[in-house]
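Before I ask anything, let me first share the structure, which is written out below as C-alpha cells.
First chain written, first letter: the chains are A, B, C, D and E, and each begins at residue 1.
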Amino acid sequence: MAQNVGNKNAEALFHLVDARERLTYPDNAAEGITDEGDSYVKTIAKRFFKNKVAVVSLGVFILLLLIAVFATQLSPHPRDAITGQFQAAPYDNFYLGTDDIGRDVLSRLIHGTQVSMIVGLGSVAIYVVIGTTLGLVSGYFGGVVDSFIMRVTEAVMSFPFFMVILTLVSLLGSGIWVVTAVLGVLSWPALARLVRGQVLTLKEQDFVHAAVATGYSTPGILFKHILPNVISPILVNATFGIATAILTEASLSFLGVGVQKPRPSWGNILSEAQSLRVLTAQPWRWVPAGILIFIAVLSINFIGEGLREAIEGETKN
Amino acid sequence: MAAEPKEKKPIVEIRSYKQYFNEGKKSEVRAVKDVSFSIYEGETFGLVGESGSGKSTTGRALIKLGDITGGQIFYKGEDISQIKRRKDLLKFRKSMQMIFQDPYASLNPRLTVKEIIGGALKVHGLETDSNKRTEKVYELLESVGLNKQFANRYPREFSGGQCQRVGIARALAVQPDFIIADEAISALDVSIQAQVVNLLKELKEQNNLTYLFIAHDLSMVKYISDRIGVMNNGRVLEVSNAGELYEAPLHPYTESLLSAIPTPDPESERHRVRTEYDPAYHHYDNLDRVALHEIAPEHFIYCHEDEIPLYRKKREKLLKKARQYA
Amino acid sequence: MKKYVGKRFLTAVPVLLMITIGAFIMINLAPGEPTDLYITPDATVQQVEATRRALGLDQPYPVQYIRWLGRAVTGDLGISFSTRYPVLPIIISRLGPTIVLMGTTLLFSYIVAIPLGIISARKQGTWVDTFLTGSAFVGVSIPNFFLGLGLIYIFAVQLNWFPTGGMQELGVDGSIFSVLRHLVLPVIVLSAFYIANMTRYMRATMIQVYGENYIRTATAKGLAQKVILTKHGIRNALIPVITIVGTDLPRLVGGAIVTEQIFQWPGLGRLTITAIQQRDLPILMAITILSAFVVLLANIFVDVMYAVVDPRIKYD
Amino acid sequence: ACGSDDVPDMEQGAQADGEETGTTPDVSEGDTSTLMVGLTNAPDSFNPFYRPGVAATWVQRFFYDSLLFMPTADSFEPGLAEMTTEDNQVFTVTVNADANWSDGTPVTAEDVAFTLNTIADPAVETTLGTSVAMIEGTDASGVREEGLEELSGLEVVDEKTLTITTKDPVDLNYISEFLGLNVLVAPKHVFEDIELSELPNSEAATMPSVFSGAYQFVEYDNNNYVHLESNPDYYRGEPEIKTIYAQIMNGTSLITEFQAGNLHMTAGGGIGMIPVQDIGMLEELEDVVVEEHPSFNSQYMIINNEKYTDPQVRRAFAHAIDRETIVENLLGGHGEVLSSTYSSASPYKDTDLEPLEYDPELAKELLEDAGFDFDTPIELVVPTGNAVREQSGNLIEQWLEEIGLTVNQSNYDFPTWLSMAQDLDYDIGLMGWGHTADPNIASYLQTGAASNNMAVSDPTMDELIEQGMTETEFDARYDVYSDLQKYMQEQMFVVPLYSDSQFSVQSTSLNGGINEYWAGSLYDVNEWTIDPE
Amino acid sequence: MEETTVLEVKDLAISFQTFEGVVKAVRGVEFMLKKGETLAIVGESGSGKSVSTKAINRLLPEKNTLIERGEVLFEGQDLLKLSEKDMQGIRGNDIAMIFQDPMTSLNPTMTVGKQIAEPIIAHKNVSKEEAKEKALELMDLVGIHHPKKSYKNYPHQFSGGMRQRVMIAIALACEPKILIADEPTTALDVTIQAQILDLMNKLKDELDTSIIFITHDLGVVAQMADRVAVMYAGQIVEIGTADEIFYNPMHPYTWGLLASMPTLDVDQKNLYTIPGSPPNLLHPPVGDAFAARNDYALAIDFQQEPEVFKVTDTHYAKTWLLHPDAPDVTPPLKVVRRKEKYEALFSVKMYANSTGGGINGG
C-alpha cells in the first residue's frame, strides 16, 4: 500500500532522478552486454558443454585420438611382431589374446585406432575442402557455373558409392592414404549441395547485400562474409562425416579391400570373424574391434548431435 | 523540415526505370514498370507505397545490387550501369550507402561490430593501420550513440535499435554522400524508432547527407522527408513536397493510402472516413500520353495528359481546405 | 507434370553419359586384364588373343566404349566376361533378391520408425524420447557387419533359429516361408540403420512441424491431439521425409553390399563384389547405370511426391 | 541331425514302413531324391571347350561325359568310350554303343572328332589346347596347323569308332588323362551350326540343353546355385538321385549349412573349399564324414628372377622362412611343407627330397656371402582373398626382417597382383599354382611361358621340362622329374611354401560321393544314393 | 448498459526455462474483459503480450513453460486448472485466436475451406455438409470472394490479407465469446490492415464478441479499443479506457510511447525518445522495470516495485508518480497537448491528477 512506503524519508525516495544519477543504478537493460561479450564459438561451446552425453563423447574421442597418436608407446607389444602363441585367449601380458599368427590383439587394436582416425579425419578434410569450395562457387555464381557443378555433383552422387570405392581401392592399392583419398574425393557431393543451399539463401540476405554495397570484392564476400555463416552446418556435417568414414573404412577392410594388411585396422581385425571358428570360439579376436568401432562412431555421432543442438539452439534465439 | 531548397541540384536521377525478374519465364515478375524521379542534393526523399510496389527493388537498383531491365539511373550525373571498373565501382560504393530493414539480417552474425564497421574502412583503404582503424570504429560507434565496448561484440548480443545503429555506423564509415534507408525503422519498436529517426536526422545535418528514405509508415515519412514519392504496382504515382502531399494528396491512391493510416487518436479515429482505391479507375487503354506530369511546381502525378487540369483543380480545392483548418 | 518428368529425364541424359564414361575409364584403368582371369595358365598367346577378340578387348578403349554405348542404348548390355551370360538377365536375376531384401528392410524400417519418430517428438525431453533417440544413435553407429556377425553367432550358430545365409532352401516348396526365414537376420541388420535414421529424421521433422504456426492454429481451434497429428502434423512432416525416402530408394539396388556378403544373399551386392574381383566390365557398367538410373528415378519420384503432398509445389 | 531316437512316434513309424506314405514327399528333411552340394567357387562356364575354372570343369562333368574316367589318380576306366593302342601312337576310340545324347541322338565318333577339331580350331576360344596338343596336325599349343581343314590325326572309322594318331608316341596314361579325361565330348549336332567366334556366348555354351552325362543342366542362378536333374536315359543307368543343387556359398556358410544338416557334400579341391582353420568344426559333427587328402595345389613365394639372379640369395630366402610353422600353426597341420614343386598328391613327387630347413642364421650368412644389400627394401606382394596365404605373408615379412632385410608388404586383389606379376613389377610375392596328375610344369617355369611370371630363363630347366614332356614311360619320367625337383631346390627360382590339404566332407547319409582323387569322383555319380533319415 | 465480465485474469506469472536461464516473461498480470468490449494490449516487443494471452487459451509450449501463479477465470472456472480435454472444448469454441502471421498460420497442405470447417466439426454437432455450408457462409461474411471456388483453394493461393480473412473466419467459426487477436495486422499493408480492422469491428458488433487485441501500433489501438492495457516488461503498467490512455495517460512509459510517435499534424524538431532498451527478463530489475529508461524516475523506482494506483474507476497505473508524496511532473509536451486538445474539443476537464489508492485492476 502506498502508505507503507512511509513518510519518513519520503523526500529521499520521491525525488526525481536525473539522467546522470540514473547511471549510478545498475542498468538491467544493458546487463546482457555489459559483461564480457561471448564470441560465437564460446557461446556454442558453452551450450555444447551443457550436454553431458556430448561431453563424455568428446572425452572418448579425444582419448581415441591420443591413443592413435601414442599408439606405439601405449601398445604392450610391437604392432606386427609375432610375439605370442598363435590364436591364444588372453594370457600373461596379452590382455586381449593373440591373433592367428601370434600378434598381440590389443596392440593391433591400439594401432588400428590410428587408421580409423587418419581415414576419418583425413577424408573429411579432403571432402570438406572440395565440397565447400564447389558449394560456395555454385551457389554464389549461379547460372551456367551452377548448372555444371550441379550436374557433376549429381553424376558423382549417382555412382554406386561402394562399388566405386571398391574398384578404386583395388585399382590404386589399398594403402591407408588411398582409402583416405578415395573416401574424401567421393564424399563431397552431399556437402557441396548443403553449402550451395545455404549460400543460395545467404546471398539474398541483407548482410551480403550490405557487403556488396560496401564494396567488398567477390572473394571477399564469399570467404569473409558467407563462409563464416556456413561453417556451422559444415562442422556438423563433417563430424558425422568422420563417423561415416570410419564405418566405411571398416567395411572396406571387412571386405578385404581396406587398409593394407600387416597394418591393422579395426575393420580388418573384425573381418577375421568371417571364419566360423574365430566367430564362435575366439571372441577376443573380433568382439573388441567391433565394440571399438561402435564406440568411436557412437561418440562421434553424439558429438555431432551435440554440436548441432548447440548451433541450432544458437540460431533459434 | 530541411532548409528551403536553395539551388536544387539532382544527385540521383531515375528515368523510366524497369525491373523484370525471371524475364521470359512463366514466373516473370514485373516488379518495377516505370519509375522516374530525382533526388536533390541535401534532401530526404521519402518513398512510400504498399508492400510489393517495388520500393526496395528501386533502392537496390540505385545502389547497383543487380542489373536493371530498362531505363537509366544517374548518380551525380553518371550512368551507374556504366560503372564497371573495380576502381570506379569502389568510388561509387564509397559515395552511396544503404541501411536495411531488418537490423539483425543486415549484420553478419559471425562478425564482430568492429569487423563489420572496420571492414568497410578497410575495403576502401580509409584506414590501413589497424589500431587507427579501431580508433575510427570507436569514433563511429560513439557518433551513433553506442558505447565503444560494443566493438568486440556480435550483433545478436544487441537489441534491434542498437543493431540498427551499427548498420548506420557501417554506412557512415565510408563517409558517403547519399544513403538509402530501406525501411530502416519498420522492424523497430515504437520506443526505439524515434531514437533512430532522431539519429538519422542529426547525422544528416552533421554530414550533409542526402537520404532516400523508404518506408511504410507514412507518419514517419512525413516527419523526416522533404519530398515524397508514392509508389503503387511498380510505378511512381505521385511526387510532391512532403507538406503538400499530406495537405493535398491528388492521386486517388495517395488519398486511400493516407486515409488508411490509423492515428493514435481515438477521437479522430472515430470520425475517420476511409477512401478506397480502385485501380480499375485508372485503366488507361493506351499508355502513350500517360506519364508523370507536373501538376504544380514540384508536384508530379502519374496521369493522362487530359487529367492534368482536373488534378490542378483538385489541388487548389484541397490546399484551400487545409489552410482553413490550420 | 508429364512434361516436367520428361524434361527431367532429358536433363539426366548428360549425367548418365558422364557416369558411364567415368565408370568405363575407372574400370579400365584397373590393372588386371580380364582375360588373365578367364584362362588357364597353359593358354597360348593365340588363345588369349581369341578370348580378347571375343570379348572385344582388342579394340582401343574409345572404340570399346562407343560400341558398348551403341549397344546399351538399344538395351543390349553385352555379355558377362566371366560367365558369358547376357548381362541383362544376370542383373535382373540379382535385382530380384536385392529388392526383396532392401524392400522388406525399408518397408519394415519405415513402419517401425515413423511411429517411433512421432512418439519421440511428441514426448520430447522425456525418458521415452531419451531412450528412443539413444537407441537411434546406437542404430546408426553399430557397424552392420559387426551386428551381422553377432546375430549369426547368436541366432544362427548357437540357437539355430535362423539360417546363416542364403535366400532360400533350394528344392523346397513353400519357398515364401523359406525366404522369410532367411530374411529375418539380414533385414534386422539392415533395418538397424534405416530405423534409426528415419526415427531421428521423423523426430526432428515432427518437432519442427509442431513448432509451426499452423499447428498452433489447429490447437487454438480446439482440435483433439489425434486430429492435429493426423490431419496437420503427419501430412506436413511427410514433405521432408520424402527427401529421406528419396535417398533411401536408390539403396534398393545398391545398399547392401556388406550385408549381402555376410549373409550370402544372392543379390546385386554380391554380384558387384564378384564382378570387381573378376574385372567383369559389362556387369560393372550395367550395375553402374542401373544405380545411376535408380538414383535418377528416385530423384524424380521425390519431386513428383513433393507435388503430390505439397500443394504449393507445381511444376510447369 | 534331427529327430529323436527315444520316442518313435506315429509318423516315423509310418515312414519306416513304406515309401507310399504321402503324396507330397517331405522334401526338406530326409529327402532322398535331392542332393545338396556346397561350392565355394562359382562355376564360370558351361562351355565344353572352355573351362577356365576348376569349378566349371567339375560341374560340367555332371552332364558331359569324357571318353574315360579316372576314379583314382592312377587308373582309368572307360567312360563314353574305350581307348586302346598298340603302338602308343595310334589310339582307337570306341564309343559306348548305348551312349545317347539326352535328346535321343546317339553319341558318335563324329561327336568326338568334332570336339577335338573344334578345340584345335584357331578361331575357337578354348582352355583345352594342351589336352589335344599331342594329336597329329596341331602345333605345340594344340592349335591346328595352318593349311589344314581338319586335324590329320583324326579319322572316323565308323559311327562309333575313331582313331587318333599322335605326333610322337605318347604314354597311354598321358593321353588318357589329357585327351581321355580332360576333354568333355560336345554334341556335334548342337554346336556345328554355331559361328565359331560366337560359340562361347551362344546359348548352347551358356545354357546347355543336350547332354551325355548322368544329369541334365536345368538352370544356373548366377553365383547362387546350379540346378541339375537326372538323365533317365543315361547309358550307365539312370541315377538314383533325381535332383542336384550345387549351391555357391562362402566357407563359413558351408560349415553352418553342414551343421544345420542342409548339405550332403561339398566338392573339395578348389571348388568347395572349407577354410582349413575351421575344419575342426566339421570334424566334431556326428553325421558328417571329413576326409583329408593331399592336394595338387601348392603355394609359392615367387621371386623376380631378373632382380635376384643369384641362386644363393634365393636359397637364403627359403632358409629364412619357417614353413613348418605355417603348416603347423596356420593350417593346423592340415598340409605339408613343399620340398619342391610337387605335393604328395602327385605320383611324381620325389619323396626323398627334404625341404630346405629353416635356418635364419644360415640364411643371413648366405646373403652376406652373396654381398646382398640389406638396406634396399624388398617389395613383398601378398594377394588378398586367401586367408592363410595372407597370414603367411605377414609371417614371411617378419621372418625376412628377422634376418635383417627390409620388407615392404603390400596387398592387392588377385587380378591386380597377376598383372603386376606379369609385368615383373614386384620383388617377391605369394602365388598359388594348380597342378594336375601330370607333372608338366612348362607353363610356369619354361622360358617365356605364359605363366612364367618370375622371368625364369634357365637352359637346364627348359631341357628338363622338355625331356619330361617327351618321355612316355612313368619310371623314366619319374627320374626326369626327380632331377627337375632337385634342380629346382638348388636354384630356388621360386620358394615352395606349402600345400594345404583337401577335405572331402559329406553326410553319412550319402552313399558314394567324393573319393580321394576328388577330380575323378563323379564317375559313379549315377550310383550314389541318399539314406533316408 | 449491463456489463458482464467474461474473463478475468488474476496475478498471472509465467516463466520459461531457456538455455540461458529462466525468463520471467509475465510477472503478475491482471485484467478483466467485459462482454462485447475490445481490450487492446499495447507494449513493446517482448513485453509479454503474447505470452499472457496465449496462457488464457493454454497455448504455451508445455515443455519449458512454468505457470508460476495466477488464475484465468472464464465463466467461473479457472482455465489453468482444466484438463486438456475440457480445454479442447473451450479453445476455438468459446475462446478463439487470430495470430500475427497469416502467412504461416494456415496449414499449407489443407484447403482453406476445410480449415474453416474443422472447428465447426470439432465443436458443433453437425454433419460434414452442414459444416461446409457454415464455412461457406463464413467465407462470405469475412469478404472472401467466390467462396465456393475458394473453398478448395490452398492457403498459398491467397494473398496475406485474404489469409488473414481466412484466419478470422476460422476464429469466428463457432461464434466464440472471446476473440484474442495477436497482432493480426502487423504483417499487412496499411491499406489491407484498414480493411481487416474494419471487418473485425463490423463482426464484433454483429456477434457481440469480446476482443482482446494485441498490437504495438497505437494508431490501431485508437481505432479498435474500448479499453487499453499498456504492458512493459511482463506487467501491465497502465490500464484504462481508450480516451483515458490517449488523452490522460499517467504512466511515463505511456507518455513515452505517445510522445515518440510523429503525428501527421504536429511539426517537431526532434521526436521525443525513450532512451535505452527494454530490460532483460532473465534478470528482471528490482523496483520499477522502466526506471532505467525513465526520464521521470524517482529514487524509489530503483528500490521498490510501484503499486497500482487507481486514477478513476476504470483507470489504473503502476507508477510511483501517483503516490501522494511524489513530486508533480509535467509530461512531455505532446502528451500535454493531447490532453489540452481533448479538453478543448469537448469542453470538459478530464480529471485532476489522481489521489492515489491501490485497488487492483478493474
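Following the convention adopted for this analysis, a contact is a pair of C-beta atoms (placed from the backbone, for glycine too) under 8 Å apart; a residue touches a chain by one contact, two chains touch by 3 or more.
Bear in mind the structure is a predicted one, so any value in this text is a computation, not a measurement.
Visitor: Keeping to the contact definition above, tell me which chains border both subunit C and subunit D.
Guide: Common contact partners of subunit C and subunit D, which must touch each of the two, are A.
Visitor: Can you pull out the chain pair that has more C-beta pairs in contact than any other?
Guide: Per-pair contact counts point to C-D as the maximum.
Visitor: Round to the nearest whole Å and give the separation of the Cα centres of subunit B and subunit C.
Guide: Those two chain centres are 56 Å apart.
Visitor: On a C-alpha centroid basis, what's the spacing between subunit D and subunit E, in Å?
Guide: Comparing mean C-alpha positions, subunit E is 92 Å from subunit D.
Visitor: Could you put a whole-Å number on the gap between the CA centroids of subunit B and subunit D?
Guide: 90
Visitor: Please set out, as single numbers or ranges, the residues of subunit B touching at least two other chains.
Guide: Touching at least two other chains: none.
Visitor: If I count partner chains per residue in subunit D, which residues reach a count of at least 2?
Guide: Expected reply: 250, 252, 256, 385, 413, 415-416.
Visitor: Among the residues of subunit C, which ones contact at least 2 other chains?
Guide: 30-31, 152, 157, 276
Visitor: Going by the touch rule stated at the top, which chains touch which?
Guide: Result of the pairwise touch check is A-B, A-C, A-D, A-E, B-E, C-D, C-E.
Visitor: Give every residue of subunit A touching subunit D within the complex, in rising order.
Guide: Touching subunit D from subunit A are residues 80-82, 86, 100-103, 170-171, 173-175, 256-257, 260-262, 272, 274-280.
Visitor: For subunit E, which residues count as touching subunit A in their complex?
Guide: Per the touch definition, subunit E meets subunit A at residues 18-19, 275-280, 282-285, 289, 291-304, 307, 309, 320, 323-327, 329, 356-358.
Visitor: Mind listing the subunit A positions that touch subunit C in their complex?
Guide: It is residues 151-152, 154-155, 157-164, 166-168, 170-171, 243, 247, 250-251, 254-255, 270-271, 273-274, 276, 279-280, 286, 290, 293-294, 297-298, 301-302, 305 of subunit A that touch subunit C.
Visitor: Show which residues of subunit E lie in contact with subunit C when the two form their complex.
Guide: That would be residues 57, 59, 63, 84, 87-93, 96-97, 99, 101, 104-110, 115, 118-119, 122-123, 154, 156, 167, 170, 173 of subunit E.
Visitor: Which bits of subunit D are touching subunit C when the two form their complex?
Guide: 24, 27-28, 31, 34, 36, 42, 44-45, 47, 52, 122-127, 129-130, 141-143, 197, 200-201, 205-207, 220-225, 227, 243, 245, 247, 249-250, 252-253, 256-257, 259-260, 262, 385, 413-416, 418-420, 422, 433-434, 443-444, 450-451
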